[in-house]
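The structure under discussion is supplied below as structure tokens; questions concerning it will follow.
Think of it as A, B, C and D in the order they're written, each chain with its own count starting at 1.
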Amino acid sequence: MIQRRDFLAIGVAALLPQIKIQAQQAPQTLIDDLVAGNHILAGEMVLDGYGHISVRHPGNRNRFLLSRSLAPESVTGADIMEHDLDGNPVDPKGRSPYKERFIHSEIYRARSDVNAVVHCHTPSLIPFGVTKVPLRPMYHQSAFLAAGVPVFEIRESAGMTNMLIETQPLGVALAKKLADKPAMLMRGHGAVIVADTIPNVVGRSIYLDLNARIQLQALQLVESAKGSITPLTPEEAQKYAASDNYARAWELWKKKAR
Amino acid sequence: MIQRRDFLAIGVAALLPQIKIQAQQAPQTLIDDLVAGNHILAGEMVLDGYGHISVRHPGNRNRFLLSRSLAPESVTGADIMEHDLDGNPVDPKGRSPYKERFIHSEIYRARSDVNAVVHCHTPSLIPFGVTKVPLRPMYHQSAFLAAGVPVFEIRESAGMTNMLIETQPLGVALAKKLADKPAMLMRGHGAVIVADTIPNVVGRSIYLDLNARIQLQALQLVESAKGSITPLTPEEAQKYAASDNYARAWELWKKKAR
Amino acid sequence: MIQRRDFLAIGVAALLPQIKIQAQQAPQTLIDDLVAGNHILAGEMVLDGYGHISVRHPGNRNRFLLSRSLAPESVTGADIMEHDLDGNPVDPKGRSPYKERFIHSEIYRARSDVNAVVHCHTPSLIPFGVTKVPLRPMYHQSAFLAAGVPVFEIRESAGMTNMLIETQPLGVALAKKLADKPAMLMRGHGAVIVADTIPNVVGRSIYLDLNARIQLQALQLVESAKGSITPLTPEEAQKYAASDNYARAWELWKKKAR
Amino acid sequence: MIQRRDFLAIGVAALLPQIKIQAQQAPQTLIDDLVAGNHILAGEMVLDGYGHISVRHPGNRNRFLLSRSLAPESVTGADIMEHDLDGNPVDPKGRSPYKERFIHSEIYRARSDVNAVVHCHTPSLIPFGVTKVPLRPMYHQSAFLAAGVPVFEIRESAGMTNMLIETQPLGVALAKKLADKPAMLMRGHGAVIVADTIPNVVGRSIYLDLNARIQLQALQLVESAKGSITPLTPEEAQKYAASDNYARAWELWKKKAR
């Protein structure tokens, strides 16, 4: 796992005069973590065939690592390309970059505290972008939401568009709206999540999704709480509980867990 | 697959004087189908560690086949036991029957048109049992619901109980409430589904579950339809649609489908 | 992947005098894509044991390719049959066609821009067919919905039916209601989706399903937004966030993603 | 499976003068069950990378067994550590305990009837913790909820915290609020579930989750029941039902169940 101290070291390096370099080999463990981040977010259904995750280059704060244009589940180490803060792949070798790479480049430029960025279209998040209901932290796992979750309305920056962040100016507008927050929704599109490390941006992405699902259910619960339903009476419950309830299921559960 | 004609043949056999017999070997294909029915309903999450499926014996209309007390996912041919219409296993060989076998025995006694029975606790069905909202057929696949879906309230038959159909009189009351319908809910418990063949009772069980989930969503949709949300404008949509949208996902989808 | 240029080439071929031909071998890559489309839509749960996907024959615009009557997940190349625009299989070799093939034949006849058709019963779509709530594009992935999604009411064409499009006149009525749109719901039944290529009709089908689920949630969110819930306070959130939150989960996520 | 009689035997042993002992080997079958409990609750998504399950030591009622700090899905027998009722690992051998082990230690101290404890953050439970809607037993499987499900509000004990039970006094407050109940929610955090055996605490955890999902749906159903939807008419249903409906799906279902 990439540690915070790796980025503290970078902090010092960043004070040295920048030497114009071509792609500088990133640590293999960091590339492995970035590939893992792609696969994890696909496996947890935060990403589907689209969306991406990047990490700032530990050897050069003006560079970041991001896959070529590819479904996250299929990304391997050979697909990871170094990009500069204008969103240009440094050594593409014929590989096509993501159209929306400016989401990453402009956030890295604006946010010195950020070392990892996710852009996603997670279905649970879209409803909070197309309504005026703010995301709030429902439990400790999503405590980072207490900072507030802004919603980026692309119409305010560019009127009617194809919704995508395909230019540097749109990336600038996006990063400005994000300001110092850990996460932001994009109306009719998706979200961006940022953190100091890959594990933290992955974790925030997963719990942002869970929080959205939980918050919708909590609101629905309050709204519908006056409904009249028929629960078991204490007497029915006691009579049922008198038997040994889970023995049959326990054998099945053990079998399935093996 | 067991065919309707097999049961027509039984109809004739039933006119002959009944000879007192011990367990009579059922066709292996029928046992295979009953085992498959157990596994299918577990795989489709209509059943979990509990619930059961039975079939009337094609060689003796006063007998039916049902697993010993076991989680459906674990049932094999060796677990299938012949039962008589009083719910007694004919040749248990030390195997324990389900406590709620009287659901099956009394339905077979009351319903000459029924050759297969499912009892389940499918989560989507419980809400319709504990409220006064009737299940209605949302689409062709669940057309059989148009006959109406009664709700069995065990309190009407036996006051405060442990909710289970563990006696013959409770089985009689249950079958009476079912009357000539293909499916019935049980308040605070689950449901029974009946049909003429194993494939049909399995199919009805699966689409009963789907219909419940669809109907809840349809009702919620109407209830919340006045809400103000922000869809894409036609202009935004047109601009987005100008690009070739699914190429990247198509490669992933093909890979996952292999 | 079948390309748009393949169909441009067809456009020219269509100007030549039509020679009466029997089944003409379609490119193997197209058959592979049609089989993949069947498996993908089953895997994404857009289709279950029912529903179908077809493609126009690139060598003859008056023919289309569609599986014999079979669950989509089980379709192989050997099951693909050529049909004419009256819905007749050209060379069935004893294989049974889908009863509802007229959905496909009449859409191909009416819509020269369409080269691929899906018919499905996706559960998320049924609620929008049995209510008056119109589907709207919630995000860029479903931008094609901005054209509007009509609802086909079979009662208007044929009164009380078995809900299925089993005749040519019903296919004609369906295609007329679809008009120039990319997708249409069928009340109490399902939907049809059309596009210029297999990947695009598959992609539209998948995101039509997602959009329906997202729109229902967005409407519910607005409806229930006034509910009073207790989020974490900023102070609670800050105290929790002080610890390194995702280290334990990160190891698990990596393990699961391998 | 650990039996109730094992704990009755312990009851007698507890009357003997306690000899100061180091870790005493627990029966391997009990450790196997504890490992299985970890894996089952992860597989059923009651736990994710966090949460834990413990069991009282059958040879010493003042000790309990709990994994070192690890995602439940990854726990093996070598990770199980004996803890005393102050929450100290008896023989840690360099292994780190869970921060929230005081949930377990103080419940075992306060509840002589409890031999197994689960702490979880199951998403379905959070809404009932952040609203005032009480959990009620929707069906027989969750009959144990009839005893009532209190909600622990950590602010009442300790004001603004990081939400976690990381100290002995917080564990005492938690156990006091739990009182004699089988389950309790924790506002903005999760839940605790207790029982006399591992199978029973696992079963209660699984059905607590299911009950929460069912109860939310039941309340939504009542709330939205006045909505106007269009079901199939009896005539449409009858016409559809005239065909043999499930033959095609049956072959698929059998194939998938193999």
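Methods note: a residue touches a chain if its C-beta (ideal position, glycine included) is under 8 Å from a C-beta of that chain, and two chains touch if they have at least 3 such contacts.
All values derive from a computational prediction rather than experimental measurement.
Each step here moves to a touching chain, and the least such steps from subunit A to subunit C number 1. Counting only contacts among the remaining chains, removing subunit A from consideration leaves everything joined as one piece.
By residue number, the contact pairs of A-C overlap by more than half with those of exactly one pair in A-B, B-C or C-D, and this pair is B-C.
A turn of 180° superposes the CA atoms of subunit C on those of subunit D, with the angle given to the nearest 5.
In summary, the pair subunit A and subunit B forms a contact in which both copies contribute largely the same residue numbers, shared numbers making up over half of all those used.
In this assembly, B is the chain whose CA centroid lies farthest from the centroid of subunit A.
Once the centre of each chain is set as its mean CA position, subunit A and subunit B turn out to be 41 Å apart.
Per-chain CA centroids place subunit B at a distance of 29 Å from subunit D.
Counting partner chains per residue, subunit B shows two or more touched chains at residues 50, 127, 130-131, 137-141, 143, 162-164, 188, 218, 220-224, 227-229, 231-233, 236, 240, 246, 249-250, 253, 256.
If each chain is drawn as a node and touching chains are joined, the picture has every node linked to every other.
Listing the residues of subunit B that touch subunit D in their complex gives 1, 36, 39-40, 43-44, 50, 121, 123-124, 126-133, 136-141, 143-147, 162-164, 188-190, 199-200, 202-204, 206, 215-216, 218-224. On subunit D, the positions that touch subunit C within their shared complex are 48-50, 69-71, 73-74, 127, 130-131, 160-164, 187-188, 227-233, 235-236, 239-240, 242-243, 246, 248-253, 255-256. Of all residues in subunit D, only 137-141, 143, 210, 213-214, 217-218, 220-229, 231-234, 236-238, 240-241, 245-247, 249-250, 253-254, 256-258 touch subunit B in the complex they form.
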